[in-house]
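The structures considered in this document are given below.
Presented sequentially are two complexes of subunit A, the first with subunit B as partner and the second with subunit C.
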Partner chain A sequence: MRRVAVIGVGVTKFGKHDRTSGELFAEAAVDALADAELPPGAVQALYYGNVVGGETEHQLHTGPQAASILGIPTVPTTRFETACASSHAAFRHAVMEIAAGVSDVVLVGGGERVLNVPTAESTEYFAYASDASWEQPLGLTFPGVFALVARAHMAKYGTTEEQMAAVAVKNHKHGTMNPKAQFQKEITLETVMKSPYVADPLKLYDCCPFTDGGAAIVLASEDVARPRRRAVWVLGTAAASDSMLLGDKKDLSRVMATERAAKAAYQQAGKSPSDVNVVELHDCFTIAEIVATEGLGLFEPGAGGIAAERGDTSLGGKVPVNPSGGLKSKGHPIGATGAAQIAEIVTQLRGEAGPRQVDGARTGLTHTLGGNTATVLVSLFGRE
Partner chain B sequence: MRRVAVIGVGVTKFGKHDRTSGELFAEAAVDALADAELPPGAVQALYYGNVVGGETEHQLHTGPQAASILGIPTVPTTRFETACASSHAAFRHAVMEIAAGVSDVVLVGGGERVLNVPTAESTEYFAYASDASWEQPLGLTFPGVFALVARAHMAKYGTTEEQMAAVAVKNHKHGTMNPKAQFQKEITLETVMKSPYVADPLKLYDCCPFTDGGAAIVLASEDVARPRRRAVWVLGTAAASDSMLLGDKKDLSRVMATERAAKAAYQQAGKSPSDVNVVELHDCFTIAEIVATEGLGLFEPGAGGIAAERGDTSLGGKVPVNPSGGLKSKGHPIGATGAAQIAEIVTQLRGEAGPRQVDGARTGLTHTLGGNTATVLVSLFGRE
Partner chain C sequence: MSEPVVTLKSFFEQAREGRLTGIKCGGCGEIAIPPKQFCANCGARAWQSVPLSGEGTLASYTIIRVAPAGHAADAPYAVGVVKLKEGAAIFGRIVDVPFEKLAVGLALRFRPIVVKEQTSVGFAP
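Showing the complex of A and B:
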């Protein structure tokens, strides 16, 4: 297999936009191509992630639409949808296109628009990522799913609501250093603890927001990337699945797909958790970050909440998690999230993250979760 | 790049079903795995095509759902959506996974369910594959798109409504020989010509039906496929795109994405149009078959209608097109169509197509189109 590198990244401001998801992606893509110092005409394929475009924009077939908006309508393009992990899935398949020798320069990204519909509607559309026959009829939307995960983790390990709140406080603090973040405002532990319950034990400030946004990255083969000083190499990328039904999972305090994908990605990269200097992971809810830090092997099972409270995952801590602010504070435009996480890690490994820079970061990891913990992708990146 | 072969195929009966798209896919997948003489546990990845699941079934994240229904919930899986070409796109990306050396056995397929909602609703959902900002508001549904294509072809080449009708008559005749086809009934030219206009000049019998169904194929690396006598090799597979907006296309009598994808696929395979013995192509409307036979280089531009009328594309003709009955008679469960076309070509190249067998077929081609002619995939297959 040929080696693959990221040579350009771009992300829109996350938040409310009055543009289509395709237009948001195109803005990010133009920035990513400029960052890569390549014209759009150099792109040989477009890998595009979008989730609820059919529902919120009445738009399917979003791959060629994104390519057309970007002005490269003849480039082969595919839309990938694995719920919130869609553009991370697009990334992994794009790596295979280059690895297989089919292309040398591939544009990857995603866009999503959800703030054009009421919150109750987007909550329903997001729930389409769970099983329509068995779980949707029970009213199991995603705050409910992660409330069950939280209760299981609390029961098994004694994890506290204060520990979950510490994740929110930390990610909001990180978000103040990211000019692209949806929220750039510090919050206190008290603010989180006093916010209303959305799905007990998860409160409003345990939940990431609904977000419009786009993100893009330019991937290149070794020949193209080698002369570029700022290239960041893909060391490993793996996907794993788990049962679609929450009721089929044996232990809700763990995300088995995270553990499987992490194991495969570490193996490909020849790295272990202790090699990782900086992480962007899927904190759709604060408990999701705690469970992910354990599943990725950064902390022992049950130690994730304690680590967050102790500051181990803060900038300056043992292993900074979500320096971008994460989904919680940066925002979560679902189809764009995986690509945005990769953009942040690439920025960190280049040493270009400004006030939120993790000093001396050489190896970074991204983790994106889709649906009822049924899809997870994990990728590892490094400087030479 | 490692060579890739198809070692198993399965297709459900096409028509109306009271099961989910995931269940329909699973039925086809069980048949495909039995055909490949492999247990489900041998599958290393699932590539899944589905288009309007969000709309008709309130189901996104259909990859892991399909894997769960099939009993292999931990297999990495991705949903692909490129409108009606979705499972052909899934197939092409799966070929790259094997070519890159990531996996040796990959299950590819798709499922779709649309007959659980009224026709007016599915027509609207299908239109989501065209641009939501500019074209959907004009009421441009797909019969309208292909009526414009037909008018352009008639104006440029003198193609007649009778020539289009000949495609319908031929494909319905082929469909009588396919026990899986939605319609297994011959029709006359008069029936087509007297049927009501849907979008002038296209009449009811120029249009393919709405269909529920599933299709699956098992792909394998050379090492796995080599000992298998019935393996059919992937000689080439290419995707091409074109402008999303119909108004941006210079000549509606041609499908540029077909021409580009065909050129790339022939080049990969080291074949020319005259080498092709049997074709499954995207006859969503009769005019689409005529334009595709020209775009694939089987006939000169403008000669497709004449060729159809003359019987060149009938079983026993110069180059039989859609021996399965095509989308027109076999049916068009959109997310499953690309995989179903490949299943037919593999069956033909194995010499196992029974009464609809194309004698001595050695090289076959599949062609699948998505949206307003904005996505096309072309693949070539051969026996050793």
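Showing the complex of A and C:
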């Protein structure tokens, strides 16, 4: 298999936009191509993530639509849908296309638009990623899924609401250093603790926002990437799944798909958790970050909340997590999130992250979770 | 013939009458919630339909206060995962329990929730 590198990244401002998901992706892609110093004609394929286009924009077939807006209408395109992990799944398949020798330059990205519909509507569309026979008819929501994880984690390990709140405070602080973030405002522990319950024990400030945005990355084969000083190498990329039904999951206090994907990605990269200097992971809810830091092997099971409270995952801590502000503060345009996380890790490993730079970062990790914990992707990146 | 021994349609028809139906693997004895073709535990395809008691304990729960558009009128409402005494676990709405009495380990019993043509899984004390 051939080595693969990221040679260009682009991310729009996250927040509310008056442009479609296809337009937002294309804006990010223009920046990614400029960063890669390549013309659009160099792109041989587009792997694209978009989740609720069918619902919020009455738009299917979003792959060729995005390619057409970008101005590369004739390249092969495929739209990936693995709920919130869509563009990370797209990335993994694009890496395989280059590694297999099929293409030398592939564009990966995603776009999402949800703030054009009311919250009750977007909450319903996101719930389509849970089971339509067993779970949706009972009014399960995504905060509801992670509230069940939180309650199980609290019962098993004694994790507290204050420890979860510490994750929100930390990610909001990181977000103040990211000009692309949806929120650039510090919050206090008290703000989180006093916010209303959305799905007990999760409160409003434990939850990431609804977000419009786009992200894009340019992948290249070793021959194309080697002369480029700022290339960042893909060391490993793995996907794992778990049972769709909540009742079928073996232990609600863990995300088994994270543990399986992490093991495979570390093995591909020849790395272990202690080698990782910077992490962008899927903090759709504060408890999701705590459980992910455990599943990725950064902390022992049950120690994730304590580590967050102690500052181990803050910038300047033992292993900084979500220096971008994470989904919580940067925002979560679901189809674009995986690509945006990769863009942040590439920026960090290049040493170009400005005030939120993790000093001397050599190895980075991205983790993206889809829907009801049934999909997870983990990738590792490094400099030469 | 590859139609499973219990389909979603037949499960919810039984559930509507108050009967919870599981499937038991002839290979390893695993009790599962239908429909499944192969057993995820042992790989066998030897399911038999088994009646479930509907009795179990609450493994985790939440109170949904911000509901999807279709459920906004019901909010707030409690949902949870109940570990049945036969071994399988199942997600359902929890009714007739005051929110402050909800706790991991609480004993509950299956009760169908029927709204128009839609039957769903519910649990009550």
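Throughout what follows, the second predicted complex is superposed on the first by the 384 of 384 C-alpha atoms of A that agree within 3 Å, B and C clash if a C-alpha of one lies under 4 Å from a C-alpha of the other, contacts with A are read in each partner's own complex, and residues count from 1 in each chain.
Please note the rule applied: a residue touches a chain if its C-beta (ideal position, glycine included) is under 8 Å from a C-beta of that chain, and two chains touch if they have at least 3 such contacts.
Owing to the predicted nature of the structure, the values given are computational and were not obtained by experimental measurement.
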Is A:Gly247 contacted by the first partner subunit B, the second partner subunit C, both or neither? second
Touch test for A:Ala155: subunit B only (first), subunit C only (second), both, or neither? second
Between subunit B (first) and subunit C (second), which does A:Glu384 come into contact with in this model arrangement: first, second, both, or neither? neither
More subunit A residues touched by subunit B or by subunit C? B
Quick one: classify A:Glu300 as touching subunit B (first), subunit C (second), both or neither. neither
One more residue to check, A:Ser133. First (subunit B), second (subunit C), both or neither? both
Contacts for A:Glu190 in the overlay, against subunit B (first) and subunit C (second): which applies, first, second, both or neither? neither
Check whether A:Glu57 is in contact with subunit B, with subunit C, with both or with neither, and answer first, second, both or neither. first
Where does A:Asp359 make contact in the superposed view: on subunit B (first), on subunit C (second), on both, or on neither? neither
Per the definitions at the top, what is the overlap between the subunit A residues touching subunit B and those touching subunit C? 133, 136, 243, 245, 248
Interface with subunit A, subunit C side, in the complex: residues 8, 12, 32-33, 40, 59-72, 74-75, 77, 79-82, 88-93, 104, 113, 118, 120-121
Going by the contact rule at the top, pick out the subunit A residues touching subunit C in the complex. 118-121, 123-124, 127, 133-141, 143-144, 147-149, 151-152, 155, 196-202, 243, 245-248, 252
Interface residues, subunit B side, partner subunit A - complex: 1, 20, 51-52, 54-55, 57-65, 67-69, 73-83, 89, 93, 96-97, 99-102, 125, 128-133, 136, 238-245, 248, 256-257, 260, 370-371, 374-375
